[in-house]
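In the part that follows, the structures are each spelled out as structure tokens.
Here come two complexes built around subunit A, the first alongside subunit B, the second alongside subunit C.
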Partner chain A sequence: METLSYLAIGFEQALTPQALLFCLLGVSLGTFIGVLPGIGSLTTIALCLPLTFHLEPLPGLIMLAGIFYGAQYGSSTASILLNVPGSAPAAITCLDGYPMSQQGRAGIALFITTIASFIGGSFAILLLVFFAPILADFAISFSAADYFSIMILALTAASTLSVGSPLKGLTMVVLGLLLGLVGTDINSGQFRFTFGIPALADGINLVALAMGLFGVAEILNNLSNGNVPLASREDISLKNMLPSKQDWKAFRNACLRGSVIGSFIGMLPGTGPTIATFMAYAGEKKLSDTPEKFGKGAIEGISAPEAANNASVQAAFIPTLTLGVPGDAIMAVMLGGLLVHGITPGPQLVTTDAALFWGVVASFWIGNALLLVLNLPMIGLWVKLLSIPYRILFPSVLFLICIGVYSVNNSSVDVLLTLGFGLLGFFLNRFGYPSAPLLLGFVLGPLIEENFRRALVLSGSNLATFITRPISLVFLLMTLALLSFTFWRGSIRHLNNPSGVNP
Partner chain B sequence: MPPLAFILVGLATAFTAVTYEIGTFTRMGPGFVPMVLGSILILLGGLTLCRDRQSEPQTGIALRPFIAVTTGILFWALLVEFAGFLPGSAGLVLLTSLALPHTRWHSVLILATVLSVAGYLLFVLQLGVPLNAVG
Partner chain C sequence: MKQAVILIGTLTISLLLTACGEQSQTAVESTADYPSKPIRVIIPFGPGGLADVTLRLAGEPLGEGLGQRLVIENRPGAGGVAATTNILNSEADGYTLIVLTNGTTIAETLFDKLPYQITEDLVPVSSVTWFDLVLLVHPDAGVESLEALLAEKGNDLKIATINPGSTQNLTAELFNTRSGIDATIIPYRTTPDVLGALLRQEVDLVIDAYTALKGAIDSGQARPVAVTGESRNPAMPDVPTVTEAGIEDFVVTGWNALYAKAGTPPEILRQLNDSVARVVNTQDIQNRFRELGVEARATSAEQMQERLLDDIEKWRQVIETAGIDTL
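And then the complex of A and B:
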């Protein structure tokens, strides 16, 4: 019951005209950029992050979150109509969404994915409402040693459970941790790896890193592959979107299963929507009586992954907000955005900053409802966006990246860094090294070092503290199990990335 | 190629860490964590080198978009504070547009004008990014 009264406070916060406006702005912007082909949700978030710096914490956070889940709704549109996934999770939607579009059932596919996204998202928000306070209560007793261990687990999970070689994932995590060290050491005041560049004294700018690794690298990748997304001239209206009774039947259970899988995966540290959608798709195919239909336009093949995608996106806020441990690279960027606003996520956020926390949670619901309206009656408008040719799109995005990065610190050095990271990400992606673990390592690195030191101070310089504290021990054992499992079984090769998009 | 580069980066990190104070395991100096991470990077690079002998990129790298995008961003970053927002941004759009073959010059020129003017109105006048229009 206590939760309900908190939720009421949340809605009070989220229903003010200002909050509503920024929620609408966020989800519209998210959908807008999400629909544009070849621009992933991480680029979207990084692109919009500087815009929210000017706002108060609550509207800023509401808008940022809205951009994030709005982009998830939008990204399925390009997958279905053009076979161009905006992000790795959306690649799964291509598998059955694009065949549906070729069969002239694009409208139905868009309708189904929107409803599935809404149901998946709502399911996970429900879990968030009831689980986050419990988890926060539990986590309030976490010590520095426990935080250290859970972050190590998150990094290990993010690098070994992602698509591709776990060894390469781990390498990228370590590289990210190293980049996180750049700047002034908080304990000694020593400059580390600043190479005499004053702009690096405060560390590498997160926006510059994210824009480079994802925005610039993504564009270079598209241009270099020559698979420049084509413009679409599809005409979709609400009339040709309604699914048949048979479609509904296939949709219902798949959507529920997807929601459950997505929520569960999203809550775990270090696992993001990519894994959730892969698992939901694989699960549906295994359960189905007609697995041969998959890849040829099966309703289940788009319902379950889309529900799982949005469920995991919303559920990922649980560890990020209550523990301060982001599950994947996008959440890491969100965490960075929170820190800029002076908000330190953690158990105390749920209790001491209750209005902020519950305001954001309430805004999720409002945002999802707004997205339903934005995506069903107004779908024709978004589809028109797909007729923007790529040769106009990519210079515009590069321009926005440059001015966006510059505006954070008014620094040209940051723009040069973005270019550098863009080239780095592009080359490393070519050799099969994923960018997401690097970003996660970068954000978690300073937190890991700080908690490691604090744990040693608290225990009187006794290293055993990491294994004598039960919570810490459990996380470390899980990390060990994960590592041995990964290298025992070899890499998870069967999770082949069907579209070649780097998560 | 990347595993070797990682080993080199690891070595460079470890050697730089020595110049900071390393300290002891229970009383760490600022060089401690870089030392550990540098060593892990060398180890991971070595492991990758042994397990995975593939040294070619998985897909080729086209030179044209690479050069166009690089020079475009360099142009903006190096010139925007001296030449101003409008020429910097227009130059960025013109240069990066060369990434695709068959450049349609009239539409590129329109795009460059629209983006730099609209960007100036939004970012410089509205959001207060301290840049001059020209010079």
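And then the complex of A and C:
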């Protein structure tokens, strides 16, 4: 009950005209930059940070947070319509979102992802409101060995991300792991595979990789195919946008599972939404009775990752606000904004700055509701994008990608890398090598290595640490279960289908 | 075909635009008008960090005093190489400045093949910010002082810092050398990760900037046992310096300073130094910096350069003694 009275104070703070205005400003800006490929919330928040120095701490933080979670709403739009993700986490939404759009179901896909975003976000906010202190303590108790085991589970699940040949999928995971090695080794400080290029010292920029492999590659692909229509033009009336009963059924459980996976990954510092969306997708495909439908426009394939995406960014506020341990670079920037006002993030924030804490939390509700109202009517408008002729649309998208990638680090090398990865992605697609496993390998590789080595240093080089720590053990057992399940299912299929043709 | 032409056209335009951003040419003008347009300040870190926040705070009154806006530009990464290369590609006209830090003096030794010489290619304007690092333990660890911790753990001590090559990490190396113990230094990716390691009690000691961990200290998540500065930190008068705690010849003070490209007219440098000194001494900046747990202090150009050279030498010795491979 105490929580509810605090929440009431929060709403009082967040419903002032000023707070509402900045909330609306933040989420609108967020949606907008989310739709634009490449330009991410980090860049936008960094640009808006100095602006907040002149504001009261609360509206400033509300606006920055609004940009952050608002961007997740928009980021799947371009994935679905153009097969060009708005941000790295949304890359996975291309797999089933774009086929839906090709089938003339773009309106439904956008409707579903908006609702999934809202549910995912709301789920994590509920956790934040009612269980934040417990969850934060739980999340912070994850040590290097535990992270290692979770990432191993994620990597194992990644084997399901490919549609075609499993061997090709595996090849791409390994290529991703190798690309992840580029940069400074965190344990020794030594450069690896940087080839004397200073811009590579901090590793390959995730945005450059994702935008190249998915964005530029798709544009090249379209150009080489000549003028095939993007997707069938649709008449977007409310009726065409509304999912069928069957769609809702597929959506419901996927969305819930996505919210849970997203919240869990999101509250672990240092993981990020890309891992959340990829794991949610892999999980859905594993659990599905009809995994063959994935990659061809499965509702589950867009609902789960989108719910996970928004759940993870909202859940990332759990350790950030309750322990003062920001989960990623974006959170750190937001907290930097508080420093200017003389507010140092830490567990005392909940008690000494209760109005601020609960004001921000309440603004999440308001922001998500605004996003829902903002995004649903936009769907018709977005789908109209498809009627823009190629010769105007694609150069514009390419131009936006270049600007977006450049803006992350103000680095022109990143732009060149994007174009290079675009070419790579184009050829890989041509030969049937999927890009999604590569991206996941790239994100997970450094985390696995770093945490493996750190776990060994912490345990005095004792490998047993991975099975003596309970959390780690649980995840290793889950990995084992997943592998056995896959083999079991594989053999059942084989029995039913002795010709050996993969359905 | 048509699409290919448009594609190549767009690519060219994007690349040209990037190139323009990289090397904005500025006409040389008389120094008497300086500054007649906004001044770029390049920060070799991402936004939201200590250097970024303090420079943005001081940048505003500084711009007002000079009659032109200061535009803060973040060029993070690679030990400041991207940032430094950027200023060296601009004109030596005082319209591009860079923030150097104690980290710069480490990079000088750590990186074998820097495409520039920091001591020759850049000239000092003034220091802006000075800060301590702080040594922290977990409140449940049951140790009240650094001496007690060393006596209890000895060579089993585990220290968490951010990445190798950082001031924090090398300070831990220096700590090992000066205290004569052989502690394991465990690198983490970010300061929050380091704090997490302490909260889990997987390490015994954490070394990081006071500002970054002020929240953790104030809330009792972490207990400070020593500060690395020459004298005690006014925010924590009860916490001794490392030297007072019995480890001799151990002082680490971090700083952020403004530098310009060598060849910048001396009158412009003087004007900038005056402006920085005036702003840094205002009550407002003094107070706001103190709230952040850092000290706002300007120096003469000569003092700053002396400090830079001293620190280069100091970290060179630490790197050599610790046997760290240069890159």
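One rule holds in what follows: the second predicted complex is superposed on the first by the 269 of 503 C-alpha atoms of A that agree within 3 Å, B and C clash if a C-alpha of one lies under 4 Å from a C-alpha of the other, contacts with A are read in each partner's own complex, and residues count from 1 in each chain.
We adopt the following convention: a residue touches a chain if its C-beta (ideal position, glycine included) is under 8 Å from a C-beta of that chain, and two chains touch if they have at least 3 such contacts.
Since we're looking at a predicted model, the values are computed, not measured.
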{"item": "First, second, both or neither for A:Val340, with subunit B first and subunit C second", "value": "second"}
{"item": "Which of subunit B and subunit C A:Leu49 touches, first, second, both or neither", "value": "second"}
{"item": "First, second, both or neither for A:Arg454, with subunit B first and subunit C second", "value": "second"}
{"item": "Subunit B versus subunit C as contact partner of A:Leu177, first or second or both or neither", "value": "first"}
{"item": "Touched partner set for A:Gln190, first subunit B, second subunit C, both or neither", "value": "both"}
{"item": "Which of subunit B and subunit C A:Trp488 touches, first, second, both or neither", "value": "neither"}
{"item": "First (subunit B), second (subunit C), both or neither touched by A:Leu223", "value": "both"}
{"item": "Contacts of A:Gly432 with subunit B and subunit C, given as first, second, both or neither", "value": "first"}
{"item": "Common interface positions of subunit A, toward subunit B and toward subunit C", "value": "187-188, 190, 219, 223, 390-391, 394-395, 398-399, 402-403, 406, 410, 412, 415, 419"}
{"item": "Subunit B residues touching subunit A - in the complex, by the definition given at the top", "value": "1-2, 6, 9, 13, 16, 20-21, 25-30, 33-34, 37-38, 40-41, 44-45, 47-48, 51-52, 54, 57-62, 65-66, 69-70, 72-74, 76-78, 80-81, 89, 92-93, 96-97, 99-100, 104, 107-108, 111, 115, 119, 123, 127, 129-131"}
{"item": "Subunit B-touching residues of subunit A, taken from the complex the two chains share", "value": "51, 54, 165, 167-168, 170-171, 174-175, 177-178, 181, 185, 187-188, 190, 192-193, 216, 219-220, 223-226, 228, 390-392, 394-396, 398-399, 402-403, 406-407, 410, 412, 415-416, 418-419, 422-423, 427-428, 430-433, 449, 452-453, 456, 461-463, 500"}
{"item": "In the complex with subunit A, residue positions of subunit C that touch it", "value": "2-4, 6-7, 9-11, 13-15, 18-19, 21-22, 46-49, 52-53, 56-57, 72-79, 81-82, 85, 110, 113, 115, 158, 163-165, 169, 184, 186-190, 192-193, 195-196, 199-200, 202-203, 211, 214-216, 218-219, 221, 288, 291-292, 324-325, 327"}
{"item": "Residue ranges of subunit A touching subunit C (in the complex, touch as defined)", "value": "45-46, 49-50, 53, 140-141, 143-144, 184, 186-191, 196, 198-199, 201-202, 219, 223, 269-270, 323-327, 329, 332-337, 339-340, 342, 344-349, 390-391, 394-395, 398-399, 402-403, 406, 409-412, 415, 419, 450, 454, 457-458"}
